[in-house]
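The structure appears right after this line, and notes come after that.
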Amino acid sequence: MMNEVTNSVVEALPQFQGYVYPNEANFHPVWSTLIVVYPYITGLVAGAFIMASLVRVFDVKALAPVYRLSMLTALAFLLCATLPLLCHLGHPERCYEIMMTPHMTSPMAIFGFVYAWYLMAVLLLELWFDYRQDFVKWSKTTAGFKGFLYRVLTLGVTDVSEKSVRLDMKMEWILSIVGIPSAFLLHGYVGFIFGSIKANPWWGNVLMPIMFILSAIVSGIALCVFNYIVLNWIRRRPLDMRCLDAMAMFLFYALVMDAVVEGLDVLHRGYAAEEGFAVLQTMIHEKLFYTLNIGQVGVGTLVPLLLLGLLQVLPRRVPEATRRVMIFCSGAMILLGVLMMRWNVVMGGQFFSKSFRGVMSYKMEFAGQEGWLISAVIMCLPFIILTVLVKLFLSERLQPCEHVLEKSSKA
Amino acid sequence: MHRFKLPPQILRLILVAMAIVGSYLVARSFLVPPSFGEYGWYRGDALKLIAARDPVFAGKQACDECHSDILHKLAKDAHKTLSCEGCHGVSREHCDNPDILPVKATGSHCIRCHEANLARPAWLKQIVVKDHYGPKCTECHLPHQPTQSP
Amino acid sequence: MNHTINRRSSLLRMGAAMAGLLTVSFARAAKAAVQTVFVSTTAPKGYDPTKHKWLMCIDASKCIGCGLCAEACKKENGVPEGPYYRTWIERYIIPKPKPGSDLTRGEAIVDSPNGGMHGFPEPTLPKDKIEHAFFVPKLCNLCENPPCIQVCPVGATFTAPDGAVLIDPNYCIGCAFCIQACPYGARFLNPATKTAEKCTLCYHRISRGLKPACVEVCPAEARIFGDLKNLAADDPLQKFYEKNRVQVLKPHLGTEPRVLYAGLDKEVR
């Protein structure tokens, strides 16, 4: 009798291959699409910022036209970076505890401070110093709400003497230099959230933060390429091909580095073949076949490498229109590929049991707290914010002050 | 004498930064629970909160208060390690009010442990129920003194 | 004139001091009002967590796989139905090697239907194909270096002074990071409360002098529970760790579990 009862109950439960711990025998992994989106957005922030820093710190003249766009992109995405985390919490109303009683050994608690530091001490500050002179100018020439906004954003400082503007530029330079390690820290920490989980062989890996930083740079540059092309297409303005080629070059080199490190990771895992390697192999061959082998490696890495590499080898032979399409397509494919990479990391780590004896299935929900609808909304939000930011701070009607243009052409 | 003066934008930022840090510290003094840090990096009150739950299983000692005769018999035989509530079910309500009777133990409770299963250790007496007399265990075995027959 | 200025400034100072005092007392009152929210109302009596050190050990060779412990745990702690277990039993079936192969054993088959709560069905393998078969009860391993506590961002999970690894249900934000960090699968997210949950060693029982529910109902004495700070003269816990050669689960992770196992096999993890 007992056996019959047990058997019927067992059959009613979702089927899993092999053995998984009873607490893992759940169709809904505790971290779902929201946690896929979270490192993706954070990575885009870090990447876009590093791309912008190339102008300020390394004095890359060709990239000056996208400096402000990349900074605003970074800001728009940073404002949404904590949203997926917040939505995913069981008790979002208790989120203040992370800042009030941060547990210093937890990567997630430190992330709160790294985030606050990066948002307020780096990104907003650098933007403020960059825009201060323009705010003063625009607040005088613009009427209505916009003018009021610019006046508030000056924080009441109207000094635009040469000495003071020179100080602004100096501060910007310092902030960029501080900003690069901060951007590395921001996204390195996200990688560390996964890399520090020693219980999970798919995550617990010293290379994880480095892979996250490199893929962040790649995705950030790709996003800037994407935004730059789309913005100029909407405004019906010609693209600055020198700038676009420079971005494509940096994108190519970043992608090479990223591909090498990720390849090294795969090689190391295969060579060391530690405990649980067999279950990781099933993951690669079955569970993650499409998103990993085709999405991340094929579409996200190999094809863009080929396209961008071709542009590096034959820089002037390809006609401009073709080049534009090739760069745009590689950018879009890289953006998709990096999203797949985040999926593979986050979901891949939850598709197998920590007993290494079985794998779980996952049915993606549409609605609900862990459904993909809310993730899609969160993914769209930064673009909406960016539109507003571009309307306010990158308007065609409001010309920036001389010094910025001067500097960008001189620098 | 040339006095050093902070540039206006830096001064303004320092003020903003102080306001942010200040409001953080004020919020912190308000929102950190009072017992936080009593024993470590957690709410000391949590221990009391977790301990406040009412037990469901009454425990063998509670049964001993009224049924010491049965427990005495039990303690002398092979079933001495068994808990009363393992077979008779949760008896907390019965403890508080003896009129509420606990679940009557049946043969299925015997089979739960003594049905033959290869993973069971060899020292445990096991039977294949369908080859044995059947699930009417108590006709031949006394549950409280399993080595004796009625 | 000096006088008036002095008087005025001293008056001003007094005024300022009064205002300061008022603000401070007002802030204190407000703080107290805010913090009453956090203070739980039901306080237990006479239990001092610093005077105990609880430990559970498992003698796997004694486990008969009846599932009473897993069932009692769900009842005692109000654990929701479904794949949520604070303790469970695993069954390991190690087949004989294929004839002619040079192996010592076949690949282990592990199962735990409903956490073993309602017993186990007959093995799918016939008797003559099985080399070993045994049960292993599982629970929170009470790690010395708990990875779950390390990653909690707010300090909602902690090792109590008495050795129990607990979760503060009113402080947990439900981020599930601890669930990911636990190598033993001992934690789950309660779908009703949306907070992480795990074995508390039946903290509400042991603080009242009772045994944990699983220990209470175990008919085979496979679970040995005791207080290392108050060992009795003939304590089964002391006897257990003195008599047996013990093992812990996943020792290579450096979590230093305090839950000791006797009678394990290499396949158990």
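Observations, loosely collected:
In this document, chain identifiers A, B and C correspond to the written order of the chains, with residue numbering beginning at 1 in each.
By our rule, a residue touches a chain if its C-beta (ideal position, glycine included) is under 8 Å from a C-beta of that chain, and two chains touch if they have at least 3 such contacts.
A quick note: this is a predicted structure, and the numbers were derived from the prediction, not measured.
Counting C-beta pairs in contact, the pair that comes out ahead of the other among B-C and A-B is B-C.
Seen from the Cα centre of subunit B, the chain whose own Cα centre is farthest off is A.
Work out the mean CA point of subunit A and of subunit C, and you get 36 Å between them. Centroids built from CA atoms put subunit C at 10 Å from subunit B.
One inter-chain figure worth recording: subunit A and subunit B are separated by 44 Å, centre to centre, where each centre is the mean of the chain's CA atoms. In subunit C, the residues that reach two or more other chains under the touch definition are 119-120, 122, 155-156, 171.
Among the residues of subunit A, those in touch with two or more other chains are 2, 97, 101, 103. For subunit B, residues touching at least two other chains, in rising order: 31, 33, 36, 41, 112, 115.
Contact residues of subunit A toward subunit B in the complex are 1-2, 96-97, 99-101, 103, 120, 125, 128-129, 132, 155-157, 159, 164, 167-168.
Of all residues in subunit C, only 82-85, 88, 90, 108-115, 118-122, 138, 147, 150-156, 171-177, 179-189, 193-195, 252-254, 269 touch subunit A in the complex they form. Looking at the complex, you find that subunit A touches subunit C at residues 2-3, 5-7, 9-10, 13, 19, 21-26, 30-31, 85, 88-92, 94-95, 97-98, 101-103, 105-109, 112, 193, 196-200, 203, 275, 349-350, 353-357.
Those residues of subunit B lying in contact with subunit C across their complex are 29-31, 33-36, 39-43, 45-57, 59-61, 79, 81-83, 85-86, 90, 112-113, 115, 117-121, 124. The touching residues of subunit B, counted against subunit A in their complex, run 7-10, 12-13, 16, 20, 24, 27-28, 31-33, 36, 41, 108, 111-112, 115, 135.
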